[in-house]
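In this document, chain identifiers A, B, C and D correspond to the written order of the chains, with residue numbering beginning at 1 in each.
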């Protein structure tokens, strides 16, 4: 089973290794298993005896590093890398990370997964004081704060800077003699530490990247922690004590790879549990359960097992769809030309179907799939969503920019059902998600961030507050 | 669920349409859903008012036609296209089809899926009489035979030529005023006819291509049939009466897309039936059933349902693996670096596992997966193969060149089990395959070609006979 | 001084070497100095112990062989190569040479510079007898004739075939054990033999290619000769005795590189002589002589020396103009935006100028340059052309397709003068060309082909006769 | 005649236009004629109604803007562009200009030709105060100085910054409502103003770029001037009064295009004068004068005219040599394989030759050419250099990094003669250059910078002083 990316995008994945003679190549393979976290661009910075060497470009990792030469130049025993998520516009190489800064007194490389909530005001204040930014990303801000700190050591400067930035972030840095990771005080984004057979330390956004390079899992990075790795070993300290776990629930629901563990919970298992809970909450009799490939297959198989209804292959995804630039014209689409998903007529014809999906954003994809199934002869299509209705935007690193894009923020469930053409439509409850994941931190929702569903943001919104409040007063009709 | 290609390769897929104003674009989308049948190269020839226009190149379809310009030049109401399978060497554009021939008295385009058994002797005879070939493919032979025929019409010349070539073939041709398809007398390769909403006729290797362009299924092309389509409509005739159905069983087992139907049987359903039969034939108690992604997932879910053992996601496939040129060094592989498949530790650790795969060719992949599962903590791995041991080569269009590459032709099942490191190993029986597919032609094996498993070749082997007989006397030890 | 290509195009250059361990690389450098003879595509076939290996593609030589890998694969001690001239349409790789033919009984590679006059009728006759052609070029014809010959040896078959093709040709072939060159009975196209320091034989279209690979000049290939080179050495024989030298005068006037010698005459020297003769025939008093870069600089300096008028740099050519795809819009051109040639205002302003060019085809380029000089302040521009008026097409390998494209075939000299806006216009006489080159074969014009100027074609025109006769009766007004 | 680039490299060319609806395309054509000033990379920033849009990349201009799409996106009525010179290492797109800065309070684009002498100390001081640089180029420094200025307007901030940077610079900037140019107080680098037919103002490094876009020459930018262009028109002011003309003599000798004028003097004419002066200073009897293509052809023709010795084409340059990645191996070079220059045997054989070149840097190229001529049979080769011996580095924008690379800084003329294998060797005198150019500013050498020959640097060397002084004490033996 493979996995894919759809209209919800996350900002990036990071990977680093310290103490391996082939560090940049190890980083390549680590990033390779994080490619689902970002397809816009990729980069690696290596540390060759204290000198940092970098390469980054637009494209998939395999396009950026298309032969051994480029990666061969990134020699050294340490390396950090980054994959950046795909956005529509602004496809400039300037935003591809890791950033590599050259100062008269040394070099620093910096990579970032997340989104700051006070970036705009920090940036404006810095610019008023003469700072020049070279990208549109939030990431540079941390570097400016570090360089303007009056603390004595880089480590102290970094800790000071970390206390100034707000929001969601997993940072990975490299200096001439260290690799450093830091996680925001809520731990929105996942970050893990592993160790290779030869003792080299690895830091990665997801544990699947540890597995892919043959590293043993050591521990998760916890909210507010600073991880400092150098030739002496590893030290972990808190740069702040004002922490409160709020791990992004969408990582479990949709983003992370099913073979990753986050905070000790396997993602596939969490999804299967959500499918089981969904079956309990929204049972309906049917001929078969089908999942929308690929992210919903775990939940669908959970639904099937819990309900006792057979799990079938009703939809097939064309694996060659990526990077295809020729799209059907409107006319051809109306004539039924399809590129990505096919309904299996031989399986679904004349059948009453439960179609399990992980979430509904705008509703257009769900509507298209229901139509596909009906055109292939399905008698009834009952849509079951393995998460609650998405009603609120995210400011910590997931690309839901506004409530206006979310159908559930603007329409009732019955309206959505009609819009997507389903015979029935149900969502999993908030408790259903929380129990299925099963974290038990002493924090709201057991330590999950459920803000997309509940509006309970774990932090102040800073620069976004005003815009957000205004958006609550408006509705956008989708049809 | 998506699908993939592994070490067994088939020779090509064809698609054509007659009577659509956007014929080459329709052909693009049709070929797109046949991409799994060939990744080495692709081409399209269109018919613009009697003038044939072509483009072909090495690479995936989306690489060959990377923007609208190239396809935009292939104007006209008719088009045929081809995707060619990947081979190691000989990556010359000269072999990419459709071939487009310019004669003083007209143009002809020709595409071919299959393999001729008397190609070598025909070619040598033609060359002795002055013929010049420009590719290494069998395909050109038909054209030489046509041009040297003394019949009056192109259609009669073609029929004469079709009676001279032997083996497996699905031909698709285009002249200035017609599109023509022909299938070999055994019907080894699948070929179907569909019709678009506007009446345009479509011919395709698999029915999934009909679905992808919104065409309704009309009928399968039967062994020995010649399909003639022009502006008057469609006519079907037999170019020979000496027919005997022997449909390639590997299409059901591994090659075809699960959403295709062949000879009226859905491929996913056939595979699920094979999984069920496998469970009945080779039951063993276990904690879970897992399938090797992606082609074995149907069989695995059949096994799970029949056995009552839960179906789990124990293996995850990296979807970005295609076209990645940087591979782990031997040293990194030994350190556990993996690119393609990951075992889900959280699922398989400490468990007794039934691993279902569709077939074993050399045994190396199966061995690697078993090792992967054991390294992730699986207690026991019982391998179940949803087809019989592969013992004989294919001469009709599947790229199994010799018995020396087939572990089951050279080793006992127990030896294979040891080689791949499984706790037990069983295969589906020949009857299990035949019953699961369920064809009932008045022909051996109900009309399936089972030669890979039984050595019962449905035709004389012509140019291959001598080499084949010699190969039966030799064994190659794999370890 | 460098050289360039303008609207007259020649068909190709050939180069081959036999007996050098780095044969394909030597061929690369040889072809590199023949690049001016063809920019559409290039290819090389090498001979590695009897096995022929080839690569060809569209583009400049440096694009086709853009790294050492491709050329590195063409191992072996012998190699032949080809550069193909640029045409507007039909940019198919199928026409790029050398052609490499695989037969059951061996391989043959074939490259060709020239144009056959009976290609159309030969091809139609061959097709009527079942032959299939794979390119639009004349070149394939020779191979079909060879394969259909009933002679015993390849050499005898080739000689028979050479007696059937008519027109202008310099062929270069390679078999498993020989390299063979052949020149048409009139010797229209240049072809030379050289020898490298290690004894390896080299054959090339121009002697500049011998110089570029460090080979010593051995001899020119003469009309009707067949040159046979193998490990035993070199033998030269006549495949026909019906010969009559008619060396293309345009090679001296425009095409060939100034450092090449043809039939013992240095091209720069011939051009300088033409400039001197032009000064004697068309003297006018002026402030300076300028040449149109780059092909007219030799003639211009000859004119200056003979006339005693200073030679100045009045025009500068932008060397980066090749392969620039963005062109000025009509509007920008009208506003004076120029890409290719600049007039040097500081030199020409207020001056009476003699502008020497090698030839006038359509007159548009000359008109543009006169305008350029006048806009830069030139007081008078007197155009002197170092060849007679071009009035007739060429059928032996130069791309002047018809009389309709030639301004001098359709207008008087005074009309042309007005059209190009010159203050006066004169051409060199036919005798002026003949004497400047100074060949003294016992043949019309001393052995030069002057047909473009006189209509005295040295051979029957075969397939072109009818069209040519018709064209003589028609005139096309250019303005 | 075309021109070329050799081992002396200059830092860049700039071009800008204000008030033309097709501004970026005009800039493209302007830059096209400045391509000889930099081949490493190119970029353009346009101004579309106050919004700045940019694109830049590595490669030739025609590679960076390879189709109309990229340039089509750079809409607007104003644009500035830049071509960057080729260096061996550090080929990062981060250094390609114009730089485009986004601030919360507006955008600024900046391009730069030249080299600062106090860049290192300014940069270090800025970094100590928190500044972050993103490139290795000097260019960013100006922007940091502007942003940290406490003046009220951008114009005043810029003037303050211009008084802080030292060395050679021609800056071109664009803001939302203006295009601004500034030249250093010595006027090292050339910069000119023109006006298009529609009134649009143009600023360019060389006047050939004005010609190429059909603009009339308005005036040269003088040392210490700031040129301010907006929709109101053009204003020119001095940002400093501490000026002293020291125009780079190497622009006349080698860098600039022969059709450009600098400070009122045509470059070709200056070179021809240098050739004439060289003939007077170093006359020797010979059979012919030849120039090394392409930059020495003007001087060579001057030498020929002054001496009365015929000017001949003894060397031919292969125009296709650019961007060729396959180079002769050492072995092939020893066997005489040549790619770039050919000696014309038919011209030089047995002759006594005067070979005119513009300068000698390391001596290797001159030695190679002498050898080439002798191998082609030249009896004697007398080398005449149309400039004095190069003995000192440049710190104002020409890429002569150190005295160690200059043969004349380390060896006597007789030693050089022996090294290059010439029969005699002479250089033009310092006065010969000064008189040939003929500037008459009230400044040393009439306003020319002759430091490369005399060591008389027109300014303090700041950050380079120490290194320079040390270099004076050392010698490097070349052989």
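Keep in mind that, in the parts below, a contact is a pair of C-beta atoms (placed from the backbone, for glycine too) under 8 Å apart; a residue touches a chain by one contact, two chains touch by 3 or more.
Remember, predicted model here, so these are calculated numbers, not experimental data.
Student: Going only through chains that touch each other, how many steps at minimum separate chain A from chain D?
Tutor: Shortest path length, in steps: 1.
Student: Using the touch definition up top, find the fewest steps from chain A to chain C.
Tutor: The least step count works out to 2.
Student: With chain centres defined as mean CA positions, report which chain is farthest from chain A.
Tutor: C
Student: In whole angstrom, what separates the CA-based centres of chain A and chain B?
Tutor: 37
Student: Measuring centre to centre with CA averages, how many angstrom lie between chain B and chain C?
Tutor: Those two chain centres are 49 Å apart.
Student: Using mean CA coordinates as chain centres, what's the chain B-chain D distance in Å?
Tutor: For chain B versus chain D, the centre distance works out to 61 Å.
Student: List, in ascending order, every residue of chain D touching at least 2 other chains.
Tutor: Not one residue in chain D touches at least two other chains.
Student: Which category does the touching pattern between chains fall into here: line, ring, star, complete, or other?
Tutor: Shape = ring; chains linked end to end, path closes on itself.
Student: Go ahead and list every pair of chains that touch.
Tutor: A-B, A-D, B-C, C-D
Student: Tell me, which parts of chain C touch chain D in their complex?
Tutor: Residues 1-4, 22, 25-26, 28-29, 32-33, 35-36, 60-62, 65-68, 71, 196-198, 208, 211-215, 257-259, 261, 266, 268-269, 272, 293-294, 297-298, 301, 305, 310-313, 315-320, 322-326, 328-329, 331-332, 335-339, 342-347, 376 of chain C touch chain D in their complex.
Student: Quick one: in the complex, what on chain C touches chain B?
Tutor: 93, 101-105, 123-124, 127-134, 136, 140, 143-144, 147-148
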